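Accompanying notes for the structure given below.
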Amino acid sequence: MLKYIIKRLINLIPVLIVLTLLVFLLMYLTPGDPALIRLSSQGANVTDELLAATRAEMGLDQSFFTRYFSWVGGILHGDFGMSYIDDMPIFPKLLDALMHTLALASASTVVSVMIAIPIGIFTAVKKDSIPDNIVRIFTFTGNAMPNFLIALLLMYLFCIRVRLFPVIAKGSVQGLMLPALSLSIPMISKFARQTRADVLQQLNEEYVIGMHARGVKERVILYKNVLHNALGSILTIISLQIRVLIGGSVVTEVIFRWPGVGSLIMDSIGGCDYPTVQGAVLILATLQILVNLATDISYCIIDKRIELE
Amino acid sequence: MNSEEKRIKSRCDVVKIKQADEFSSYMVLEGEGFSMKKKLLVVALSTVMVVSSLLTGCGGSSGGSSSGGGSASGGASGSAETTTGGVFKSVETFAYGSIDPHKEYYSWHTQKYGLTETLFRINDDMEIVPWLAEGIEIEDNVGTITLKDGICFSNGNPVTSDMVKRNIERLIEVSKRFNYMSEWTYETPDDKTLVITTGDRVYPTLKNDLATPELAIMDLDATTDFDNNPICTGPFVVDKFVPQGDITLKRNDNYWDGEVNCDGVVFYSMSDDQSKLMAMQNGEIDAYDNITTSDIEIFSADPDNYTLASVPMQMRSYAFLNSEKLPDSVREAIVLAIDKESIAAFLPGMMSATEGAFDTDAPYGKVQPPKRDIEKAKQVLEADGYKLENGVFTKGGQPLTVTISCYQSRNIDTIAVLMQEQLNAFGIKADIKIVDEPDGTYMTDHNYEICLYRSITDKTGDPMTWFELAVESISYQNIAGFGNEETDKLIEEYRYTVDPDERAELANEIMQQYYDSNTALFLTCYNRNAVLRKGASGFSETNPFEFYGVSAKTTVGIK
Amino acid sequence: MKKEKVKMNKKQLKKARLKRKTIILGIIVLIVLVLSFFAPYFAPNDPYLTNAIAAKHPPTSEFLFGTDYLGRCVFSRVLVGARTSIFATLMLVIMSFIVGTAIGIICGYYGGAVDNIIMRITDILLSLPQLVLAIAVAGILGGSLVNTLIAIGITSWTSYARLARSHTMRIKNLPYINSCRMTGCSDFHILLTHVLPNLIGPMLVNATLEIGSTMLSIAGLSFLGLGVAPPAAEWGSMVSEGRSFLQIAPWTVFAPALSILFAVMLFNYFGESVCDLANSNEV
């Protein structure tokens, strides 16, 4: 077990190296002169000497690899560089944004799991009943909804038609509710469908039929065996969903002005603040990699057989 | 002798100032010019708030007694009721990490919050009036500034001329934009007097430069955290500032200019127009400005609860037509073909159509670009060999196409779409290219055919500002290939001309050349729009500049 | 014995029903595709004609979905936008399908160092949040439809490549491929005549399943302002344009947004039934 985790951690190193290289290259290839952007945002009268001086000051006259290594070196010390816009360190901003994104992601995941799994089990047990069909229509629709539609719909209903939620509630629990809800709807749809399918599959397994024959109570079979065996695939979809969530929350964050990493990226792109975009993309990608790792490790805990593969 | 008469070698400094919502606006502080005839288009609102020069000393007044004097009196349908105390809430579009007023453009915000003040300020009629200063005496190249009696910082320390001098020095050091001030010398004969010698020549815009928000006066000795808690002279002091987030201010009990009405001020960081609108409707904020067309529509439908204020700014939108990429005939045809009125019709309240860079009733605005004339536009193109085939002008088998570069701010992109449609209807195929920010792209690399931009074209009633901003060959906005020696000479001549009539004549001549080149097409003139909840007042909503906001007399809206 | 027969019939009946459903859905999809391709000719009004007087007008018989902030007919714009949105999606799916399958087959068939490197790259690309990467790429390349497609395409080929690779690895070890090789068939011939036909089925099923989510990704990016340039009509950007008028003209937001919803639902439903059909064939 420990060996497996260590092996996975070692595997992370090349991935992270390529990742940083990729992210850095992305910004390196960006058209436009960062020094010019910096100066024009400061409102200085741009002269050739000033431009050259600023380029030197920002280290833009150095080679690609020198710049890359100094950037990575900085990150290892928690220094993501300075924003082009306000010349303030990026790291505190990133950290703050990350906290907000994590809060949003975990809130919506918890809500979704708590709603979706019971629904999934219920509809699996009561297969083809009227409630099952109704839920199926809902989950099918929820699955196809663009997330801005959900967000705008919620906003229209709860902020414009019925003024239930305060607008200025950034970072607070109240402010979290609508964005979390709008992220949860497609997740609930996917989870519920997946849970239903998994439980159905397990219910058709020989061992369940055998247990039925032995007179084991339905509820015991369901919770003790079926659900436990279905957990692996449910976990897969949760981890897949978290990936979608990390990226997909951008739209929701933008609509509800939730000050997460997604909002930060959009604002920074708008202001040509590429070091911030760099940092934010890197943070989200690292988060994603860690989520993947955590998923694999938890598989390992649930099902020891995977270790052998 | 008046400095204007002695304008031998005046130089105005073009100061690029960032708008509260972005980085791309230029404004010029220039003064001593002709008094600006300002058209106030007050839809319905409460009123004037020029800071009174009543001296009330720095006594530690306490509590929320009623505001002294000049509280909001009714406009057309303004509210007679005013509130005492309470916390005034508004929103801030731009997120930033520091409130050091000397850095970047942070003073534009701190001044709006009632935290910082300057020696002079620009009033509703665009005149420079004293604020912390009692006045200024200008003799040739020497300006003698007297400070008001009894002015003090929020910690009770008096503001001395030495402190003002050190603030200027710090500003020069911190901000690259104020480098030119380092060529001046500063003397302080006594605690209340500051003598500025502007090098060896007359500097007629000295007073205006001292009114720039960046020249906020801070207590440099007592301030320990410049980025988060500068100690200044305004009616409010920092309570809590969250970098990139909200700012909360509380009453300055030591305010030098009378008692402060509100208990505090909050500016929520919020860049989304929808959220601002809903926050206002929910009663979560008292006022905000820079409102959108749909906001105007919504609030004007409910005059009992909201007051809208609309003041024309001298900010205009215009298009540059690149003479290196578009032939003369095409540029002329485009200038003749665009219908500005119909563009403005889509954005009622936000902007109105403009003929040229200046108002037609200004003495230097006698010359204006030619009026729209579709027939003439067609003739111009046909004379150059273009033929209208299937609704598109073609020459040598090539259809005439242009690309309009624009960015998304203050409806610039909407203007682009409307221009595109008009050009297509006329017979020029137009495409649109949207960039994130114009200053990092087409304004500096000049890679465009038609581009849209906006800035303040006429600040204090003198066209020199515009000449230095866009007409001279070395100017920042000379990006369409107009700049030439002949015009530069005229501008140089204009600089030294004293007689108002001669100046007007010269200015018109310069503008005639500018318009004749068809490198710029002036489109619309913006309004500054603000909305206030019933009962709320004192948001500087009648001032054409967005860097003025709350004051000691600001009142909170009625819930 | 009899019971067994009934059960068989039931299964066959189910399969027949599934087949019928898939065909009907296929026809509907085809109709939608044809309709959206010729949409500009059906548009009742000029989708680009602005009108200041009729701006933000609620739905009427003349303007079925009302007008937007420039007085343009929302219904006509939704119709015209269908072409952009649907064909951009299909193009992206087809391109990623071709590129991904080709890379996957080559990796699976030859293995070795190239395979290793490419699979590492897909690992890393899969570990990047797709939309965020696309936002960064589109933000840097500048907003245009082609750039948006590139931005999403950078990661979307990987899932096809992985699938194609695993199928190829399974197929290449089948005995008859070995005998082919013995008889002196070239690799190219084997790949084209034996490997490709065997994996094209499951790959196509996968591609149909991807249409819906690809459409959502494109719509998301263009909602964020990284898609088409105005005044072109595209569903995502129409929603984005209408957003500031949510309160006074909600139809400008909900008409295009619901169009996306219905299109995605249709493609998802079609994809699922194709998948079901394919599975039932295997059984």
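In this document, chain identifiers A, B and C correspond to the written order of the chains, with residue numbering beginning at 1 in each.
Simple rule for what comes next: contacts are C-beta pairs under 8 Å (C-beta built on N, C-alpha and C of every residue); 3 or more make two chains touch, one makes a residue touch a chain.
Note that the coordinates shown come from a computational prediction; the quantities given were computed from them, not determined experimentally.
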Please flag the chain sitting at the greatest distance from chain C, going by CA centroids. B
For this structure, which two chains share the highest number of contact pairs? A-C
Counting only Cα atoms for the centres, state how far chain A is from chain B in Å. 41
Based only on mean CA positions, could you tell me how far chain B sits from chain C in angstrom? 48
Just curious, how far off is chain C from chain A if you go by their C-alpha centres, in Å? 22
Could you check chain A for residues that touch two or more other chains and list them? 155, 160, 269
Chain C: positions in contact with at least two other chains: 139, 243, 246-247
Which residue numbers or ranges of chain B touch two or more of the other chains? 274, 278, 436
Footprint of chain C on chain A - complex, ascending: 14-15, 18-19, 22, 26-27, 29-31, 140-141, 143-149, 152-153, 155-156, 160, 243, 246-248, 250-251, 254-255, 262, 265-266, 269, 274, 277, 280-281, 284-285, 288-289, 292
Note: in the complex, chain C contacts chain A through residues 120-121, 123-124, 127-133, 135-137, 139-140, 212, 216, 219-220, 223-224, 236, 239-240, 243, 246-247, 250, 253-254, 257-258, 260-261, 264-265, 268-269
Residue ranges of chain A touching chain B (in the complex, touch as defined): 32-33, 36-37, 40-46, 50, 83, 85-88, 92-93, 96, 155, 159-160, 163, 166-168, 170, 257, 259, 267, 269-272
Which residues of chain C touch chain B in the complex? 48-50, 52, 55-56, 69-71, 139, 142-143, 225, 229-231, 243-249
Chain A touches which residues of chain B in the complex? 14-18, 23, 95-98, 104-105, 175-177, 243-246, 268, 270-272, 274-275, 278-279, 281-282, 284-285, 436-437, 439-441, 443-444, 476
